[in-house]
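Several structures are given next for inspection.
Here come two complexes built around subunit A, the first alongside subunit B, the second alongside subunit C.
Moving on to the complex of A and B:
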């Protein structure tokens, strides 16, 4: 029985009635499964009498969790997925403050402990505080030890909705620049804090009520690795996966995220995914066609990577004119930045920091102000969709049967 | 071409004749009686009026001198327009005021004390007076002053102009809202009136029926009884309804003349775009060297599986430093206060 001698246990049963909010005799009964470490903190008296009665039987960790849980009211369900349910919620004392509550489902694969994506998400989101990164307000567990993440409520859908809705949403070079800027700042901030996001794609770029783009879904994030510690190559949704991951490299850097940002930028311009491969082999083929075949000339040592396989006929790297003919809308400097993010060799690829120092930001047109950015209403269900999705998977309806679940088990 | 200028009140240059001619063009002497569609135009260079025909004839082919005998201003076709006021002196003063106002466009909010604000207004008025009524020297001096000020404070003026535009649109919106609310109130009143009428009609009906059934008492008594019953029923059904309608009414009230709320956190269009949004992430407490030698790292620098896919030892080194210093300089006591707010937001 893990009862610390430091915790006072009332000997008198009457004391329980006075509800002093200290441990009660009931505690002994359930402290075996509760995580009672008996922290000898002085306990503030809970003003609500019934709450006090209830919390009298809980230890301090449980009581803190209960307090946190009581701060929020869970509203209607915004979306349900295999990985999580998302609910609309609001603060108990101020119903006008909306939040999204992401309730992680208990998963069959991870019956002992928490799902790794949830752990990753919590671990990194609670450290990162930036206007372009979704805010994690709080975490609590509900019954059956279900994890609930209280996230910022972002009602206006995501970048993918805006990109795909070619009929109703129109945007121009200035809007693309504003969005790219916000996304790049988010990635830059992650990298400055040594976090790899590893799942950047348009539908992980949610849009706040004021038009700000917020990077979400840190379910695949991790911090930069130590030397000699391998990382999994099975990350980043395939269409946005860089060549070094496709070739099976286990020691990579922030350059993987930069590649994804480049492809998101390209996708915003053409309003269609630039490299929509339907298998890993196909993805490599598309990279060879769309950018150029990775060879020893443009990427020293690439042939030594474990899974280096390229099609027989070598496509030379495309010149600037090739990109201008496709992405000319964003101007010469924009194309220059795009080309630098899509350099095959990750050592030569531009970093997020240098992206922000690029001259494109200072050329005309000026990035659109947040409030003037094109918006789309009715993103509520979409927020639900976005948060409940399992990280690293392409949505079924986007390509025909492109989706395939990632196997985390193999690499861990 | 020598014509006697009409009433010429002031000096040689830019002196306006005070009134717009009504019937005879002072330049070509055409008469309205024969040209019913005659319009008189002026040019803000000298404010000499002439008919539109003259303007076309003289200035269509290019800039030319003003046809008035004593006036040697060169005028352009583009500059001609109709005068808003029939008194050209007023027209000129309004134009000058508009010009000065566009440059000196600060508002009282920009000043710390009322006195400063009044001084500013006084200076402005002095300038306007010099421009309108001054002789040549005074006018030129005032003009130079306005120009110099304009050049010096271009950005500030532009910003004030934008602010004023925003205030104007906000005011318009507020007025439109108030109008809409008034319209809604009017409709609501109409509906209430109709409802009351219908109520009365049904009451009369019921009284008639009761009388027909032969209930005891006079017509007035029966009416009172039915009314009382109805009231009781309504009160029982919905005791909160009366309070509700009352509160609804009060929320419909619109208050005019409030100062528009300031939103100073909003983005400013006039500022250049900062891709970093003012955030700097350079380490504050230590300096990173270009290279850190350690035998533990040598292999990571040279091994193919690290080198080729872009693994960066330097990043590892800077991360180690970052993590070593993470959290230093953060005082939990100070942080607590600030944490409460974002959590609540």
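Moving on to the complex of A and C:
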């Protein structure tokens, strides 16, 4: 039960519009600690005189927006997409502080106001402040009523780039452990705050200049539903989608994200997607082959799910040796953790919190220090690519991994 | 970090939308003052100038009207059969919006529809725009979303509102677990507290000053004081005595606030009738340029379309002074005439 009676009123809210409107731009200066208690890190922005005179007669809201906008300088374009353009930017008063400015385009095909994916992304990023989750520094609107999201600048690409670049990027068990740890902390934090990410995959795990993994793209995220309230199953990019969603379960939990984390871990090890289904049916088949056929024995109630269909030939659950032969690089404990994330029955699947308590983290090798993690240069372009995508979907040329777009029309 | 208090302090509700009462009052009077100045200037520059300048609403009058319009929003939400949380989110959006905007500047009858539509969207409940608009007399979808952008800016892009409903469910489960009260009694308290939560905190400033759990305790205490007391005692057993005392005081003050607006008021015709004079007054002193939000929205879009017009022309300054946009052609013409009238050399010879 929530008992939080000792909360004091913040002293900064709307007090000095120049100090902090959406959130402090220095919020990420040192990951979460600096800002997690809500203490504003004051930023001294000196507004120029003529602008100040103008603002005297703007509404307070308009004035705050102007103040936010003035805090940043927009630089070159990093990427252009149908959903958004991404620019490099920096703080006006300190050009060494870089940011990425994601300018969301007005969408022609959605005529009912602000697009739901943008609303979801803003809603959740506003609330989540964690070293392993991309920071939303600020939002402002430009004259043409386009939304500008000022995001943390993450120049070193994403996990997918590292996994795919087998020629130039080498990494080992300690590196995988470090990356998995950071991703798991991000997912744990989302769940701790009652948010389901619903699109975890390697190219949504961006990498900061210091090597920190940052979970991005909250365009499909939602808060936990109240009991009995149905949710859509049209989420999570197919290769990372858990069996309960493929079977049409309308009530689900953080276990859906944990499954995705498990598949990201598997992919890091083998440097290829473990279950790359090219259709939903194929995805179910691959799960049956790669893990085992979901049956009443290993998952009570599964046959009652609305879209339960499995190949006639039942594959029994694979034992530990099966996984060791494929993923042995991460050791016995690593394989144990992997297997627990890929338990078919979501009720039995490990939670993000329990993942963090797993013994794997304490075994040798220790996770690589951030600064020693393998990196790749030339990520700037990739950040542009990653951020400009419509949240929740990938461009068609990324093959079969397109998360199905939510159908807003169908849901009344 | 792990404590709920620490997490609550990270929420936009705390960071951006919690105030001490004096601070909230000063923001509202500033918004009121800015609106008066801007509207006076606009009325005077219209052609013919509006004379005399009407009486403006005082901050206290704006506050009463805000309560009235939040009530109207809740009645509309009931009519639309929206889920409880969405009604509450929408109501809070409306109240937040009018912290930094005056009721005289943006018409609350329009904004409340925008709040309901956007509140649904923000809570992941996607209603078709036109279907939604149909539920209101003489309302088009275009009108509903005309102010969506202004609303989002006004609520500072904080789309997540923390409600006390789940806290109440938790409290009720806890009470059942204690097994020291009759089930009937708990059920009654549950129902009554929930009714209070669905109304009283939404039409008062409770969300600005108290946390969801404080609001929950206040409502539960109104419904059945002993039950609330027992839970608080349990929660703070082992904590220093002063801490519990402080909590009890905060809950008490929240309770007093909720008591001013009991749920029975929602459909009280007398209360609504009493608002008539203020509504009349509002009609006389509202912003002439922002009555028609659809036109305003069009003008803003058009203005954005004619991009390269950067540095300071006289017009640009004018826009800045008058808050961004020229309303429509008629409006632009009117303003040109007004400018011409000010020109000591008179208008061009025609």
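In this text, the second predicted complex is superposed on the first by the 334 of 412 C-alpha atoms of A that agree within 3 Å, B and C clash if a C-alpha of one lies under 4 Å from a C-alpha of the other, contacts with A are read in each partner's own complex, and residues count from 1 in each chain.
Everything that follows uses one rule, which is that a residue touches a chain if its C-beta (ideal position, glycine included) is under 8 Å from a C-beta of that chain, and two chains touch if they have at least 3 such contacts.
Model, not experiment: these values are computed from the prediction.
Chemist: Check the residue A:114 against both partner chains and state whether it touches subunit B (first), subunit C (second), both, or neither.
Modeler: second
Chemist: Looking at A:203 after the superposition, I want to know if it touches subunit B, subunit C, both of them or none. Which is it: first, second, both, neither?
Modeler: Neither partner.
Chemist: Just checking: does A:249 make contact with subunit B only, subunit C only, both, or neither of them? Give me first, second, both or neither.
Modeler: So A:249 only meets subunit B here.
Chemist: For A:61 in the superposed arrangement: first (subunit B), second (subunit C), both or neither?
Modeler: Only subunit C is touched by A:61; subunit B is not.
Chemist: In the overlaid three-chain picture, which partner chain does A:357 touch, first (subunit B) or second (subunit C), both, or neither?
Modeler: first
Chemist: For A:293, select first, second, both or neither according to whether it touches subunit B, subunit C, the two together, or no partner.
Modeler: Touch status of A:293: no partner.
Chemist: For A:97, decide between first (touching subunit B), second (touching subunit C), both and neither.
Modeler: first
Chemist: Considering only touches as defined above, state whether A:148 meets subunit B (first), subunit C (second), both or neither.
Modeler: neither
Chemist: Touching subunit B and also subunit C: which subunit A residues?
Modeler: Of subunit A, residues 129, 192-193, 223, 226 contact subunit B in one complex and subunit C in the other.
Chemist: Considering only the defined contacts, which subunit A positions touch subunit B in the complex?
Modeler: 91, 94, 97, 129-131, 135, 137-138, 181, 184-185, 188-189, 192-194, 223-228, 244, 247, 249-255, 299-302, 304-306, 345-347, 349, 356-358, 361-362, 366-367, 369-371
Chemist: Flag every residue of subunit A that touches subunit C in the complex, lowest number first.
Modeler: Listed in rising order, the residues of subunit A that touch subunit C are 1-7, 9-10, 12-15, 20-23, 32, 36-38, 54, 57-62, 64-65, 111-114, 116, 119-120, 122-124, 126-129, 139, 141-145, 192-193, 222-223, 226, 408-409, 411-412.
Chemist: Tell me, which parts of subunit C touch subunit A in their complex?
Modeler: 1-2, 4-12, 14-20, 23, 27, 30-31, 34, 37-38, 41, 99-101, 105, 117-118, 121-122, 124, 126-129, 141, 145, 148-150, 152-154, 156-160, 166-167, 170-171, 174, 209, 211-214, 216, 231, 235-236, 243, 246-247, 250-251, 300-301, 303-305, 317, 320-324
Chemist: Write out the stretch or stretches of subunit B touching subunit A in their complex.
Modeler: 266-267, 269, 272-273, 275-277, 279, 281, 296-297, 299-300, 304-313, 315-316, 319, 322-323, 342-345
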